[in-house]
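The two complexes that follow have subunit A in common; it is paired with subunit B in the first and with subunit C in the second.
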Partner chain A sequence: MANKDTIIEIIYRALRNLNEELEDEKRIALSPETKLFGPNATLDSLSLVSVIVDVETAVSDEYGRNISLTDDTAMTQAVSPFSDVTTLADYIVRQLGQG
Partner chain B sequence: MSKQLEKPTLVGQFINLRPLTADDAELTLLWRQGPRASLLNRGAQTAEDQRRWIVRRPANEYNFIIETKQHRPIGMLSLSGIDTVNCVAEPGRFLIGDEPASAGLPAAAEAMKLLYELAFDTLKLRRVWGFVASKNRRMIKWQTYLGMTQEGCLRQHLLIDDHPQDAVVFGLLDSEYRSVTLPRLKSLIAAARLPVAPST
Partner chain C sequence: MLRHWLTTSSGSSGRVERSLSVGMYEGKNVIVTGSSRGIGALLTRHFLDEGATVVGIARGPANCEHQRYLHHQADLAVPAEIQQLFVGLRKTVQTIDIVINSAAVLTSQYALIMPAAAAQSMLNLNLLAPFLVAREAAKLMRKAKSGRIINISSMAVSLEPEGDSVYAACKAGLTTLSNILAKEFAAFNVTCNTLGITAIETDMLKQLPHDKIDAVVARLPIPRYATADDIVNVIDFYASERSGYITAQTIYLGGVH
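What follows is the complex of A and B.
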C-alpha cells in the first residue's frame, strides 16, 4: 500500500532536482499546496516533464510498479493531477492502489 | 526583406510560432544572455550582431519566435540543417526566454508539436536529430521523455564558459514521433486544459 507521505517526499525530491537548475528567485516552494501546472501555477511544460520523469522513476524504484502520469487516465480526471503537490500525491496513491 | 518573413506562422491553441525577424534582435539577445541559456552554444554578443545573425539566416531554415496568443514573445525555436536528399533536419535553438509568462502554459510542448508537424507532416522528413550539452539535465529529460533516442556522445564538443563539455546526440525517427512523441505532447497540452483543484 502506497504511503501518501512517501509519495509527497518523492515529489519534493523531484522539485529539489528541478530547483538545482533554476535561479534562486525562480525556485519552487516545497509545500503540499504548491501549484504545479495550470492557471497561476509555477511550472512550464519543460519543468513539468522534469518532475514527471523523476517522479515516475522514483515511484518505480520505490514500489516496483510503472505508472504513467500523462496517460489517458491522467488526462481524463475531473481535476488535474498536477493542480498541486497534494492532488498529484493523491492521484499516484490511487494509481498504485489499483491492479 | 528577411527570408524568414516569407515563412508561415504556425498556429496552436496556446501559442503560435511566428517567423523570427530582425526586430526580435534585442529581445532574443537578452534571452540568449540569460541564465537559462547558459548551457547553449555561445551566440551573438551585441544587438547588432544578433540582428545581423537573424537577417543572414538562410532560406532553408525555419526560425521562430514562440509567442502567446496575445502576441507576447516568450521563446524561440528553429528547424535548421534541412537536408532534402536524406530527409533529415535539426530542431534546435530552443529557449523559453520569458519563464514567468510561460508558467502554467504548455508553451514548450505545443511549440515542439507545431515544429514536429512542420518537420514530419509538411516537409515529410524521416528523421530529426540534435545535441544537448551534457549538463543540461532538464533538456536531456525533456528529449528522452518525448521519445528521442540517445545515439551517442560527442566528447568535449562544446565550450561553455570556457570549459569543454560533452554533447549528447539525440535522434527521432518519423515512426517514433508518431508512436511516442505526438501522444505525449498531446497529453502535456491536454494537462493544461484540465480544471485545477480549488486552492486548499
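What follows is the complex of A and C.
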C-alpha cells in the first residue's frame, strides 16, 4: 500500500529536479499546497510535463507499477489531480491502491 | 574505425607508422530495435565494431554474441512490453545515447485483400513502437541533455508502390513523428532524424519478387541497390556529436525524394 507521505516526497523530488533547471526567481515552492496546473499555477506546460515524467518514472521504479497521470481517468476526475501537490499525491495513492 | 596514426622515429630506417584503433562510439549506449535481422543486425554490428554497448531488441533470441551486446527479447508491437523493457534499462544501462528504430514488418498486398490484422501489425510495429521507444528513451536522454534518435524509413514513402499502402503510410508517418519529436525534444538537446533507405538485400526484401525490385531500382536516380556503407554513412552523420544542430531531417538514399 502506497504511503501518501512517500508519494509527496516523490513529487517534491520531481519539483527539486525541475528547480535545478530554473532560475532562482522562478523556482517552485515545495509545499502540499503548491499549485501544479491551472490559473494560479507557477509551472509552464513543459515544466509540468517534466514533473509528470519524473513522478511516473519514480512510481514505476519504486512500486513496480506503471501508472499514467495523463490518461482519461486522470483527465476526467472531478477535481484535477494536478490542482496541487496534495491532490496529485491522493490520486496516485488511489491509483496504486487499485489492483 | 577511426584510425589515429602515430608516427615515430625508428633509427636509421626512418619513420614507422603504427595505428591505434579508437571506436567512434566508445562509451556510448545504443538501442537498436530489430537487432536480429536486416538493417538492425547490420547497424548492431557497426556500433559494436565502433566500441558502443548495444542494447538489441528483437522478438526472437539473440543471434549476436559479443561482450558489449545486451539482448532483450520483446514484442515491440505490444506497448506494455516496451514500457517493461525500459523499466529494466533504467536499472541496468541507465543512460542511452543513440536510438535506432529499425524494427519493421512489411505485408505487401493489394488493399482490397489486405487482412486487417496484417495492417494493424504494421501500424503497431512500424509507427506506434518507434514512438514509444523514442518516448521512453527520451526520458533517459533528457537527464543527460543529449541524445540521437534515428528512425529508419523507406523509399516506399516516395515511390508509393502498389501493395504497400499501409507500410508506406506508416513510414510517411514516421517522418512526421520524427519532425514533431525533434521539436519537443530540442529543449534537452535530443535530435530526431529519419533515414529513408532504398532496396538492400535483407530478409524483408526477399519476401518480394526480385524482378519487381530490380525494376524499381532501375528507375532510381542512382540505379543500384544500397550498400551497407551507404546506410552506415548517414547513420554516422546523424549520430555524430557534431550533428547537434541537425534535427527533423529526412535523408533518402539513391536520389529518392
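Quick note on the criterion: the second predicted complex is superposed on the first by the 99 of 99 C-alpha atoms of A that agree within 3 Å, B and C clash if a C-alpha of one lies under 4 Å from a C-alpha of the other, contacts with A are read in each partner's own complex, and residues count from 1 in each chain.
Just so we're on the same page, a contact is a pair of C-beta atoms (placed from the backbone, for glycine too) under 8 Å apart; a residue touches a chain by one contact, two chains touch by 3 or more.
Worth saying up front: this structure is predicted, and the values here are computed from it rather than measured.
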First (subunit B), second (subunit C), both or neither touched by A:I92: neither
First, second, both or neither for A:L48, with subunit B first and subunit C second: first
First, second, both or neither for A:A2, with subunit B first and subunit C second: neither
Touching partner for A:I28 - first (subunit B), second (subunit C), both, neither: neither
Touched subunit A residues, subunit B compared with subunit C: B
Touched partner set for A:D61, first subunit B, second subunit C, both or neither: second
Which of subunit B and subunit C A:I11 touches, first, second, both or neither: neither
Common interface positions of subunit A, toward subunit B and toward subunit C: 46, 50, 53
Subunit A contact footprint on subunit B (complex, rising order): 35, 96, 99, 102-110, 137-139, 141-142, 144-146, 184, 187-188, 190-192, 194-197, 199-200
Parts of subunit A lying in touch with subunit C, wherever the complex brings them together: 46, 50, 53, 57, 60-61, 64, 66
Of all residues in subunit A, those that touch subunit B in their complex: 17-18, 21, 23, 26, 32-33, 35, 37-50, 52-54, 70-71, 74-75, 77-80, 82-84, 86-87
Contacting residues of subunit C [partner subunit A, same complex]: 80, 83-84, 87, 90-91, 139, 142, 187
